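Letters A, B, C and D mark the chains in the order given here, with residues in each chain numbered from 1 onward.
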Amino acid sequence: MKREIPMIIAGTVGIVLIIQYFIPAEPFGTLNDVFSDWFSIIQASAIWLGALNLIKVSGDKIYRRHKDWPYAAIIIVSFLVMVIIGFFFSGGRRFLDPGTPFSQMYDYVYSPLTAMMFALLAFFVASASYRAFRARTREATVLLLAAFFVMLGRVPLGDMLTGWLPRWLHMSEVASWIMNIPNIAGQRAIMIGIALGTVSTSLRLILGIERSYLGGE
Amino acid sequence: MSTLGIWVGALLTLGILSFLYKDNPFYKLSESIFLGISAGYWFVSLYYQSLLPKLFDNLGITKMMGASETDGALQSLFIHGRWDPNLWYLIAGALGIMMLLRLIPKAGWISRWPLAFVVGTTAGLYFTRYLASNAFSQINATLKGFVVFGQPGFFGWANLNNLILLIGVVSGLTYFYFSKEHKGIVGGAAKVGIYFLMVTFGASFGYTVMSRMSLLIGRLDFIYGAWLGLLR
Amino acid sequence: MKHSRLSFILISILFLSPLSGQPPPDSGNPPPLVRPAEEIRAFDTPNDAGNSITITWKRSPDDIADQGRFDGYDILRGRSPDGPFELVLSVPGGGNENNPLYKTCLDNNTEDGTEYYYAVDAKAFGTTTRAVSRMPAKSSQQWFNTDLVNMLIAVIFLSAAILYYIAGAKSGKKLYIRKIAGLEAVDEAVGRATEMGRKIFFVPGTQDMDNVQTIAGLTILGRVAKVAAEYEAKIDVPVSRSLVMVTAREVVKEAYYNAGRPDSYSDDMVYYLTDDQFGYAAGIDGLVVRQKPATIFYQGAFYAESLILAETGNSIGAIQIAGTAMASQLPFFVAACDYTLIGEELFAASAYLSHEPKLLGSLKGQDLGKLAIILALVVGLIIQLSGAYDFASIFSVSAGGE
Amino acid sequence: MAGPNRADFWNSMMKIDRRIIFLFIFVAISVPMFLQIQLKIPTSPEVESLVATLDKLPDGARVLVSLDYDPGSEPELQPMAETFFGYALKRKFKVIVIGLWPQGPIQAERAKPIAETQAGRQFEYGIDYVNLGYQAGNELVIQRMGSSIPQTFPVDYFGKPITEFPIMQGVTNFSNIDYVFNLSAGYPGTVEWVLFAVDRFNIVLGAGNTAVQAPQVYPYLGKQLKGILGGMKGGAEFEILTGLPGRAVKYMTGQTFAHTIIVLFIIIANIAYFTTRKKEQGGLS
């Protein structure tokens, strides 16, 4: 029973949602929105489990005097600081309004960290392309050439180098042709494949053929 | 912006940047602050943006606690004797509580019910959504736009490009074909498909490089300009 | 009647004082009266949940773009063709995309079952002229969206194909499945971790359980964890969503149980870092450089963090096997990882690794769908080029889709 | 004698420490920020047509600016906002700001003072500039604006009723707007403005997009979309064509340097690869 009832729930909910796609009438028309609200509620309840786990793992490190225990302490403290500020010192529902302590933490601590982490990509695209774009095999050569043309086509340098050629051979034109024709073709093949994979996976989940997410008896 | 805020932001920025050289205490500090702060941020946000408005407000628990004047579904039922469709949210609340029962080892198995609900919902929604937007729309877009026979431009560039595109899609799909050995004509088509995929990967990579650079420009502008005041 | 009186007054004013307000197009002549909209039709908006009526009309000949003299239309509604009418909405000039001679708009505030008559006032040169629909309209909700017949057929066809092959596979028919390089490497990658005495990291992406890629990633985790349990390799699953944490624990526990080593399982193998995309990336980067796992799996939905993770993993020399259906992130995984499951391969992976006939059967069904699409494209090309029929329109999804 | 040395060099290039690459990128982007070098940036037809459309508007025209992005896309889109405001000041346009993204209106308030300092003239709030803030609803907001702008945005960003402002007098819907400028980093954004405002309400639209987003809007260029500024390069061209050189031109130098360095590294990597591979093969035979 520990597995049967969940399988029935998943199957029923899945089939109802597939059917509702074709029915505009109420309550089917809005079922989608209602269920995604329910999902948010489950998600927001579950975050307690994650947060407690984070505190437990960090707490363990402190308790066992793991060599990085001070950092574990910092994790707990900064989590608690953010939560306490958010719930008690930032005006409740309007917690994100400009000027609240919570939004200041967001602006001065959270934002710069996010932005810099994101900006690391500038370095990583450089190192990854240095390693990956080598003409080792025929496939790799195609990859390299496509990347090379598109990259050059996007800076003035590319057109300067090819300025003497007819317009349609200018680097920027070649780059946009690659982007619009073969690139889109590949994208579409990938997308259609994904659609079929999704359909098949969804069906396996609905029918209960794939049920490893439920664990054992 | 407050000066203190800029200093904090700038130091944390440098902490993350230092990771490029190697792992170090400065990075560890920034990372730990990041983990704690961001987990806290989502913890608070999910409460105010999901739990409170979607569950507590709809049911009227907010009013019971005296934090709101607006009636919810429970008030409708018990005070006004009216059925309110929001009462269905009781199920969502129950699913949420079942999830939290994970904390009690003996009752943990019940959390599979909300999990099954989530998985069922996802499967049901993605089934049709992906078929429509990923398969149907893409097939439609691939076939649209051909110049019809007998019209000017039938032998023109547009049709040639459209044809290349269609060949790319067909051969790419052949590459994903699982149940046939990639030999002979299937093998040849799959090979062409791989080349198209490689162009896609190379081109998308090359295309993104520039916008990633601009992210770094934004950060360095903050460090040199807002923090150190070296610019302009 | 208020409106006609108003227009009467306006017209009188214009007649009496030629220098006022709007200059007439041809000075000297009396200012023209705007020509009305024609062929007003109102009908129940099709394929909706009710409470909506569609109004369409032929545009006034004075509704010309780029002249700036046309002031749009007022839509009014009443319970009888003689009024009284009340204003429901105003729309600017200009026609429909597919048929510019006509204009269409929706009144989304009707009561189902009530008969309404609609009037359209064309407004220009400070004058207003009214046209009224002859036939009443009633709104109602529909029980089947006729725009989606094509989708319904596809859903039935695909489901039938997959179910057919699953049934066939259960009855013992042998199925050929081509090699998928990234999955062939799983055993080797796990084995290497055991040899080196280092950990395996499994990163299930940054999205929650409401993304089917995450679920596909977790089913792969089940197979990988089983191999790891058999090899007695240590596996770590840092996650960024609490629901994923709960699910991943069930999955790994079951895998250890199936591998005959339930005692080696511990909840600590799966732990939560943060819901935040880049916070999670920062955390994993730290873990990777400090614990130096021998093998890293990235299976699920990824955004910009993909390359941050994969480059850090590469810098410590880990074997990396990635898989995602995020088309925009595939190039980065392809560039930085040893093996990458591309799009559909992510969804095929769990079936492939399990060797279970039922699951493999579903792959075969999927392939039939692919074959149908390839045929549709080739046949469609010929029909499309011949101009006999707009084959592409069979695949247009107007409502319901994203 | 040079032979083995050269091979050693390429061998070491094969295994180059990635931190050296990082350093090059860092320097390439940092240095131009302090220098006054200006690369010659050729202009492209899509930016030229955007500026031409703007130039054709009468002085004092009423323009709507929709900022649909957040701080994540600031380096690419913020310079465009600044330049547009600068141009609006020059031409005495009446500017109405909205945002389909919550952070959009804040970005406008940040761009405004920078444009004002550069132009040496200030917007008069309520007379030639108003910020109507953000409304939730994505493309539905555009649709609602099509019927009535005052009903969609009853109050401005600061909570004042918009009837108070002279700039809003006589504005009912899109028919009273001469031009719409959209800065977009995704959904909702330019695509929605084209589908829901251009196609239905005949507005004149110009757009600035992030480089990642731009390819998706190129198909609309022409009748539906009168010009595109694509990424930082588009922003720089916009600054040059309007005669208001600003941050994008300066940033563009660093970006071009970094880009060129990556291309050079790829070339080096391939030379290194082929040199070392030949040597290995030679050794075998």
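Side notes on the structure shown:
The criterion applied here is as follows: contacts are C-beta pairs under 8 Å (C-beta built on N, C-alpha and C of every residue); 3 or more make two chains touch, one makes a residue touch a chain.
Please read all numbers here as calculations on a predicted model, not as lab measurements.
More inter-chain C-beta contacts link the pair A-C than the other of A-C and B-D. For the pair chain A and chain C, the distance between C-alpha centroids works out to 15 Å. Work out the mean CA point of chain A and of chain D, and you get 24 Å between them. Centre-to-centre spacing of chain B and chain C amounts to 12 Å, using the average Cα coordinate of each chain. For chain C, the set of residues touching two or more other chains reads 151, 155, 158, 210, 212, 215, 243, 246-247, 250, 272-276, 278-279, 282, 290, 327, 330, 332, 334-335, 342-345, 348, 363, 366, 370, 373, 400. Listed for chain B are residues 16, 19-20, 28, 30-31, 34-35, 37-39, 41-42, 46, 99, 102, 112, 115, 118-119, 121-123, 126-128, 130-131, 133, 135, 139, 142, 166, 169-170, 173, 176, 197, 200-202, 204-205, 207-210, 213, 215-216, 218, each touching two or more other chains. Multi-chain contact residues of chain D (touching two or more other chains): 18, 22, 25, 29, 72, 211, 215, 233, 255, 258-259, 262. Viewed as a contact network, the protein chains are fully connected, with every chain touching every other. Residues 19, 22, 25, 29-30, 33-34, 72, 74-76, 210-212, 215, 231-233, 247, 251, 254-255, 258-259, 262 of chain D touch chain B in their complex. On the side of chain A, the complex with chain B involves touching residues 2-3, 5-7, 9-18, 21, 27, 32, 34-52, 54, 68, 71-72, 74-83, 86-87, 92-93, 95-96, 102, 104-123, 125, 129, 133, 139-140, 142-151, 154-155, 177-196, 198-199, 201-203, 205-206, 213-215.
Every residue of chain B that touches chain D in the complex is listed here, in rising order: 20-21, 207-211, 213-218, 220-221, 224, 230-231.
The touching residues of chain A, when paired with chain D in their complex, are 98, 111, 115, 118, 122-123, 125-127, 129-131, 133-136, 144, 147-148, 151-152, 154-157, 159, 172, 176, 179-180. If you check the complex, the residues on chain C that touch chain D are 65, 71-72, 89-94, 97, 315.
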